[in-house]
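Multiple structures follow.
Each of the next two complexes has chain A plus one more chain, namely chain B in the first and chain C in the second.
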Partner chain A sequence: MNRSTLTGAITVVVVFMLWWLLTSGTGLINPLRFPSPEGFASALGRIWSDGYAGGTLMEHIWQSLRLVLIGFLTAVVVGMPLGFLMGYDRRIEAFVNPIFLLLRPIPPLAWIPLAIVWFGLNDASKVFVIFVSAFVPSVINTYTGVRNVRKTLIEAARVHGATEARVISEVYLPDSAPMIFTGLRLSLQASWTTLVAAELVGAFLGLGRALQTAYRDVNTSMILVTMVAIAIAGAITTILLGHVEKRVIRWRATT
Partner chain B sequence: MKRRIPLLAYSIASLVLFFGGWQAVVSAGLVSSFVLPSPIDVIDRTITMMIRPFAGALLWEHALSSIGRFLGGFGLAAAIGIPLGLMMGRFRLLEDIVTPLFEGYRYVAPLAWVPFAALWFGTGIGGAIMVIFTGAFAPCVINAYRGARLVDRHLIEAAQTHGASELRIGWEVLLPGALPSIVAGLRISAGLGWQSLIGAELIVVSSGIGYVMIQGQSNLSPETVVTSMLVIGLVGLAIDFGLRAAETAVRRKWEGQ
Partner chain C sequence: MSEIVIDNITKIFGEGGAKPFTAIKDVDFHVKDREFISVVGPSGCGKTTLMRMVAGLETVSRGEIRVAGKPVKGPGPDRAVVFQQFALFPWKTVRENIVFGMRSKGASKAERDKAVHHYLTLMKMEGTEDKYPHQLSGGMQQRVAIARSYATDPGVLLMDEPFGALDAQTRTIMQEELVRVSKDNPRTVMFITHSVEEAVYLADRVVVMGRNPGHIREVIDVAQTRQAEKWSEEPIDDVMEKSSFTHLRGQVWRLLREQMGDDM
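On to the complex of A and B.
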């Protein structure tokens, strides 16, 4: 174990001890402001086995995860090709860019009320706002990545008589892959932020709904449990995406 | 060579199609104006909200109260985040201590702080400022840290041999050296902070431009919602524009040296 990890581990232990000391140890912090570790543990036990706000922890996580994945994947499936075409063909760029520049400054969260007017409080409105928030970074980063593909590489491939399909699959895509993945990471992050906000505004199930209920009940232990669950769910998807990225880039390097 | 259609024509065609199509779909009654207001409805509504109060205030007053909160939270994030990031770049021990906590904090979506923000600081100005702070804090820290790591170690050593205090090193060596990275981080921060504020106003805070949207939504007035979206987009654009100007100015000064 090197020095950095050791210091980090000590920090985490100290923070936990301080947490216990300030809450249940000395009672300096009122449990109505911040929960104690025991409160946290019992709230976790309660939502895990008995359920809270209409579902158990796993049901909430599954609901949120499902919506994030549907919204995110749809955005990627539509956004990446669009971004690619914009970077590939200047006419498509000239056609799509103005609308994009118009819609882009509107933060994804600002679509939530309109989404509720359009789809109500059900899953469709959440998937829609997640789609909007994940779509913009997917398009922009793919577009930028493709635009920045080295022109000399493209020319070289064409001079050697490569078909356009081969130029795309062997020059454009590998050269823009890192930028595209940066966009996907941003998209995924934005998806979670938007989902939490959308579920806080109104939902029947999901982590944001559990958070909102805990807030209404002034149950700080449960607030912290759901916040941690949101963080873990977000971290898991980010790590998964990292693995996909590694796979794809390695595969690209070997073919 | 064939005469080609100029690219500008595509852009104009696109905008005409977008707004024309939008207006046509609503005018033809294909979608109800309760679902999608036409561009003309939106313009009309914007003018009305400029001269007649809605949800307790005029449109620009709502916008101003949002901007005020934004500046509070964003300023706080910069004032704490930038020195913290610089110190993390300077002192290895501090970096090791802060990193695990910071990584944990980063995965929590900013809006998930809304309940604690409301419980700790109320649903007035304090809670909103904390939500903006949690949204804007991370890029301030990360970019100040990266910037400080890029500063030439010889400069720091030179300052040390001349007997400069740590405070002076921070102010006169680290901060100027890291400035381009910091300003780039501030731009990202501002975007996230502005978005978090809108989220907070949608959920708990009962004033500001986000609140106007929620009022419009529950009054079944989509034109109010779209008008607010427009204002939110414009303010966000203005903030970004200001910071981009700062970024260019800083970069020009640095490259000029």
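On to the complex of A and C.
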């Protein structure tokens, strides 16, 4: 175990003890405002096995995760190539950029009402809003990354006889990869934010729906359980993305 | 046969725009097959521009450049460039960098392995094939960049101040290496440098350029003296002390100094 994991573990233990002391231990904090560890555990047990707000914890997580992945991946699959073309070809940039400058200032959440009108209160409207929020960072960062590919490296490839296909796959893509991944991380974060907001507005299943129900029931234990679940689900996807990044940008792992 | 014919070219940047700038005017020069040409001249006289036009990275405004009889239309593996900033691919290992140009020419795996071994041995860099550029010193990076261009086996090698960033010692080693490699495997070389010593030591002919706008001031023959005095058989330090060397060096210096005088 290295030093930073050790420090991390100690911090967790200390925070946990403080939490117990302030709630169950001394009763300084009213459980109606903030749950005790015992309250948290029993709420977790309840949503895990009996279910809460229309589903068990795993069902909520799976529902949310599914929507995030669909929305995020669609945004990436469409956004990355578009961003690439904008950075690669001046004409495409000149054509697409103005549209982008118009749409960009609209906060993704402002699309929710329109999405509900278009698709109804279902998965499709949520996926659409996630798509919108994840799309912008994917495009912008890929575009910026490709735009800033080092000219000397492109020239070095060309004077050593590389075809345009090789220049793209062996220079443009690797040189813009760090920036593209920054965009993907931002997209992923935006996806989770948007999903929870969309589910708060109206959903039959999902972590946002569980959070909304817990709020109506003034069940602080359950509120905390769902918040932690959202954090963990978000962290897992971020870690997965980090692994993909490490595999793709291998030359940097050695730095 | 890889001669370079620079046929009366002029380069005007921003031609047709509000502020056209004539960087090179009426430059006419022939580099013979397998000849080593050094280009010296004051900063801004258009050395890099001239080389980039031969490489096909820059268009010419008037005139024509032909390499091996064919007009230059764009970059190609027949004219490899060693850039001043090395321009190695950071995401490729030493091995992958060296074989980059060979792959353009469809070299087999066996040929590529052989070349990597050959150049790393030649440049005293054995055991570095799987390292990334950022794990190498500046001098080593420069050697890999040179190996990448040599391995492409171009008829023409274009080098823009390739040793500019190196310390004096590494620079000397690289100069001697270049002489040795060029002797084993002669190419047509255009070598830009700010160092008069380097220009005279390496070249068959030294092209001295002037500016406002860039033109060729004079061409000085070195090959005859080198052969007569057997320069390539002695270490660089000894060569530089010979009177035949200092004489030529003084000649180039005077031409350059006159250039500076033009400005005053």
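Methods note: the second predicted complex is superposed on the first by the 240 of 255 C-alpha atoms of A that agree within 3 Å, B and C clash if a C-alpha of one lies under 4 Å from a C-alpha of the other, contacts with A are read in each partner's own complex, and residues count from 1 in each chain.
Just so it is clear, contacts are C-beta pairs under 8 Å (C-beta built on N, C-alpha and C of every residue); 3 or more make two chains touch, one makes a residue touch a chain.
The structure presented is a predicted model; accordingly, all values stated were derived computationally and were not measured.
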Name the contact category of A:171: first (chain B only), second (chain C only), both, or neither.
-> second
Once the structures are superposed on A, label A:181 by its partner contacts, choosing first (chain B), second (chain C), both or neither.
-> neither
Tell me which partner A:128 touches in the superposition: chain B (first), chain C (second), both or neither.
-> neither
Comparison of chain B and chain C by chain A residues contacted = B
Touch check for A:72: first (chain B), second (chain C), both, or neither?
-> neither
In the overlay, answer first, second, both or neither for which of chain B and chain C A:84 touches.
-> neither
Give one of first, second, both or neither to describe whether A:111 is in contact with chain B, with chain C, with both, or with none.
-> first
Partner chain in contact with A:192 - chain B first, chain C second, else both or neither | first
Is A:159 in contact with chain B, with chain C, with both, or with neither (first, second, both, neither)?
-> second
Taking the complex as given, what residues does chain A use to touch chain C?
-> 152-153, 155-163, 166, 170-171, 174-175, 249-251, 254-255
Contacts from chain B onto chain A in the complex sit at residues 5, 7-8, 10-11, 13-15, 18, 34-35, 92-93, 95-97, 99-101, 104, 107-116, 118-120, 191, 194-195, 198-199, 202-203, 210, 213-214, 216-217, 220, 222, 225-226, 228-230, 232-234, 236-237, 240
Touching chain A in the complex: which residues of chain C?
-> 55-57, 74-77, 79-81, 83, 85, 87-92, 100-101, 103-105, 132, 134-135, 148-149, 152, 158
Contacting residues of chain A [partner chain B, same complex] = 3-4, 7-9, 11-12, 15, 32-34, 90-91, 93-99, 102, 105-114, 116-118, 192-193, 195-197, 200-201, 208, 211-212, 214-215, 218, 220, 223, 226-227, 230-232, 234-235, 238
